[in-house]
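Submitted below is the structure of interest, expressed as structure tokens.
In this document, chain identifiers A, B, C, D, E and F correspond to the written order of the chains, with residue numbering beginning at 1 in each.
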Amino acid sequence: MSRLFGIIHRDLRLALRQGSDSVMVVTFFVLTVVLFPFGIGPEANILERVSSGVLWVTALLASMLSLDRLFQADYEDGSLELLALTPTPLELLVLGKVAAHWLTTGLPLMVAAPVLAVLLNMNADGFVTLLLTMLLGTPTLSLIGAMGAALVLGARRGGVLLSLLVLPLYIPVLIFGVGAIDAAVQGLPVHAHLLILGGMLLAALALTPWATAAALRQALE
Amino acid sequence: MSRLFGIIHRDLRLALRQGSDSVMVVTFFVLTVVLFPFGIGPEANILERVSSGVLWVTALLASMLSLDRLFQADYEDGSLELLALTPTPLELLVLGKVAAHWLTTGLPLMVAAPVLAVLLNMNADGFVTLLLTMLLGTPTLSLIGAMGAALVLGARRGGVLLSLLVLPLYIPVLIFGVGAIDAAVQGLPVHAHLLILGGMLLAALALTPWATAAALRQALE
Amino acid sequence: MDALANYLHMGGYARFVWPAYGLAALVVGGLLLASLRGLKARERELKALQDSVPGRRGRSRAAADTGQDQ
Amino acid sequence: MSDFAPNARFSGHGLACLRGERMVFASLDFALDAGGALLLLGPNGSGKSSLLRLLAGLLKPAAGRLAWNDQPVADDREAHSARVHYVGHHDAVKPVLTVWENLRFWAGLHSPAAGDALTAGALERFDLKRLAEVPGKLLSAGQKRRLNLARLLAAPAPVWLLDEPTVALDRASVKRLEADMARHRAEGGMVILSTHAEIDLPGAAELHLNRFTPAAPDMALLAGDGEDWL
Amino acid sequence: MSDFAPNARFSGHGLACLRGERMVFASLDFALDAGGALLLLGPNGSGKSSLLRLLAGLLKPAAGRLAWNDQPVADDREAHSARVHYVGHHDAVKPVLTVWENLRFWAGLHSPAAGDALTAGALERFDLKRLAEVPGKLLSAGQKRRLNLARLLAAPAPVWLLDEPTVALDRASVKRLEADMARHRAEGGMVILSTHAEIDLPGAAELHLNRFTPAAPDMALLAGDGEDWL
Amino acid sequence: MHRFANPARFLRLASAILPWSSALSALLIAAGLYFALFHSPADYQQGETVRIMYVHVPSAWLAMACYSTMALSSAVALIWKHPLADLVAKAASPIGAAFTFLCLVSGSLWGRPMWGTWWAWDARLTSMLILFFLYLGHMALINAFDDPSRGAKAAAILALAGFVNIPIIKFSVDWWNTLHQPASVSKFGMPSIDPAMLLPLLLMALGFTCFFVTVLLIRVRTEIIASKLRAIRMTQIHAVPVAVPVAE
């Protein structure tokens, strides 16, 4: 346990010192969303209509792009070998890294989302649901993305491959996330959507650390 | 001159072998554009309305993301030092790298754009203008982005902030790109927009290589 | 003749049924052809390589023999 | 530290290593007792680094088995990880963390026994104390290497696997490392080390890797002759 | 190759180097004639790598000046770049290009005179010929280093700046490098080399970098009070 | 020591099976087609479109069966390191991708007249689409590494992780109320389907399976030769006399 916190602590420190991921992701998220009114035009009703979709698609992209380098730096400077050689299960270390990553990217994303929703003219009824779907959805994205990032370590075309592997698995999160918000805006119940998102989070939590750790081990061979 | 072609040739070869950039960018472009109907819903008229905006915003993002690591690999493995030490002006090498990069990313982006425009239901009147704006706009993005990438290398911590400074420079390209397409769709003249885009390209061509080379030199100290 | 036309018409659903069967034929035939072509190409390559390296054959056989009793 | 037991024995039998579908070495045996040392020698590309990675558990042997006190290592990977320290070609120094933070993190992760005192001692020993608050990116090549070596003392483990550890070290540091290895062995530890340079490792067994060329029988699958196949 | 002229002279006067706001060395002088060699010695962190980067033109001296035949180097950076070969800690080997492609690219970029024949000769000389078609990522540490050194022969330049060039090389390769350096000097080239290992460089001048401690009074401001550092 | 299992036995076995499986698949598919197109009734609800079923359902089954084969051989490859298992997984994924594609397109062609839409974001359809992407990812991942054994291992992990999708495809119609038909043939106990429709369906399914076995064997044989080619080239590059043991 103390080792889990050890790695979370270190990754948080790294992220804050070099500021690369967390600020980058939020910047990307904000800028992309802000670019849309420029691209689409400022008509309120159209913006409102596409707001949930734009927010979730952008969040998806932001999460995927930041995960691209989740293990890369550690792989290149030899830290990953040492992590794999500590007497701690690699699965636990993976969870630690994903947790740190979510804290520095998913969380800021969640905080930024309502503000951007206002900018996109989203109906206020959707705000709580937006936050809830993000709370359940972004960790799932991080977990799935970590698996993809581990699989493509050292591959040619790592980046493309990552999107090819990960984006399809992201689609259910996108569909249910947007579905929940649209339901909320229309005053329909959202329990079912949220339950499914929660189920996906639990499944990802149970399965992906093993796959990720296995992928990391084979990347080090 | 032969050295300029030497570096273009090598960068093209690198890109084709590891495919990282070119395929990555097109995949990202395609996948992102395909995600939008999932997020927004498949209604044809809304898709048509947002098509030019979605295409340009996505192209901007694709270009920005691929440029992010333009010099990174060379920096990390020591190639950049050697490049700076060749008896060729660094400005020329920068131009070579940007040209190779545009050939492997901007060009495929241009090719993919009309196909995706069909998918997004764009009015056929806009296609030629879409291609023209992309032809003028994507090299500008590459040049500006290369400058951002070089700045990020030098100032590790300030990197994000500096890239933040570069992004706003993208916005004019976006505005005039989308503006031209919308004008074309509505049957209005597009000369003015295209002239402005061309002017921006020339300005970028004249100014950014110096700034980029200076930033690279500083990164190597 | 009418019966045939009627049959091909598929109760008005011809443009859904026949493409489905056509694509199935394409997939099945394409897979088979591609796989066979791949096999033939590899076999040719192997043959060319073995011909171009004289003596390989004998050596590896000798090695396999010595290998047994290691 | 029960692993420092005086009768500990680390051995490998019939080890083979495949890299990129190529057999780098095969049927390699070694055995090392507490206090022992093994020197890996051989020209570039002969498989020294590969063997060390295999001993650390990063690579799985294509054949053969590793044993600790005659128990297969594969049975309990985590116990094995706790027993070894691996120092490879990469220094695993994070540029934005200070020297202290870098070392403290690895020590804490390797064994909970490692505390601030041990970390400070290790820094002292490798002459890094005055750099403790300097970020990793400001270190010279040799300073980074010493920081990486300091892990050996900051979290004790009986088996040291060192891949060309003297690279980039100045002579004083090499002397210190030799003294540390001697002390480690006196306490019942083991050292396995690859090098191209001179190093003083009294009584070390030598393993010449160039002697092991890819042997035949196992390669049957990949390189066998046509007829056996089709 | 006029730069190989027998009366060429590479010198530095009053050089000072600042890294990370710290004065690494100051008022350093050296001079090297055609055929000469300079050996940089000193403990880790004493500034050998920094000096080599400065001589290559990657770092600007904080004070002092470099001259080639008494012409300030700063006047014509490109001419200086054409004169030097720098081999640093990084190997600049692209993992997806083959050994041949890697070398050919650098040779062609460094001097248009470099052709396929020179490239092939350099590979031959460093015993890499049979690896010519192998992608860079499959090379062992020493093979990469040899590939990096092969640049020296593939595109001739009078000044070789070598930062610990023997790292990861096996003994046979070190011998070859020594022979190459001797031949280069016989042809009127110069070698400046940092090392911690033994290397055979007959008649080389030695520069001990630990002798230069941050002294200069005007630098007190930048270098802090000094106690923390040294 | 199956790490170095001799492929000779496999190849002998394959040569023995191949003529039978290929003949059988041709026969079964021909018979299936005959019954499907000429000797089965139109559905009272769906009319003639029901004939799409004889392509759609067998390809759906095969797509899933193929993935299961892949996952199984991936597990064997990861746990027992049997080298043939990697090759089987590699050989299977293009076949699976092709049949998944067929299932998607035929389902879409059926959906247009039946549901009035080519596509809906329904659980079964979405999970099937994801299966298709998984196949594509698997193929891309295998070829993304310079060292083929690394690609094989990464792809094996992906295949195993993606296996969760299979039960989701299978049971999505039971777990969520969807547009798509619930199981009627593959139900335990009595199938609730007209025997005149069942016969061609089963014939086609069996025919497809035999076809799968045939193509799989051909592709595995291709992969074995390819790995042998690589080994020969590798030894040429490294100039190591592969097979000459050095006398100690």
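Here is the rule we go by: a residue touches a chain if its C-beta (ideal position, glycine included) is under 8 Å from a C-beta of that chain, and two chains touch if they have at least 3 such contacts.
For each chain, UniProt lists the protein as follows: A, B = Heme exporter protein B; C = Heme exporter protein D (CcmD); D, E = Cytochrome c biogenesis ATP-binding export protein CcmA; F = Heme exporter protein C.
The model shown is predicted, which means the values in this text are computed figures rather than measured ones.
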Label of the chain whose CA centroid is most distant from the centroid of chain C: E
Chain whose Cα centroid lies at the greatest distance from that of chain A: E
Chain A-chain D separation of Cα centroids, rounded to whole Å: 37
Mean-CA-position distance for chain B and chain A (Å): 25
Chain E-chain F separation of Cα centroids, rounded to whole Å: 58
Of all residues in chain C, the ones touching two or more other chains: 46, 50, 60, 63-64, 66-67, 70
Where chain D touches two or more other chains, by residue: 20, 89, 95-96, 215-218, 220, 223-224, 228
Sites on chain A at which at least two other chains make contact: 17-18, 76, 156-158, 164, 167, 171, 175, 221
Chain B - residues contacting chain E, complex: 2-3, 6-7, 10, 13-14, 17-18, 76-79, 81-89, 220-221
Parts of chain B lying in touch with chain A, wherever the complex brings them together: 17-21, 23-24, 27-28, 31-32, 35-36, 38-41, 46, 49-50, 52-54, 56-57, 60-61, 65, 76, 156-157, 159-160, 163-164, 167, 171, 174-175, 178, 182
Of chain D, residues touching chain E in the complex: 20, 42-45, 49, 89, 130, 138-143, 145-146, 164, 166-174, 196-198
Partner chain F, residues of chain E touching it in the complex: 95-96, 130-131, 133-135, 137-138
Residue numbers on chain F that touch chain D, as the complex places them: 1, 3-8, 11, 83, 146-149, 221, 224-225, 227-228, 230-232, 234-235, 238, 240-246, 248
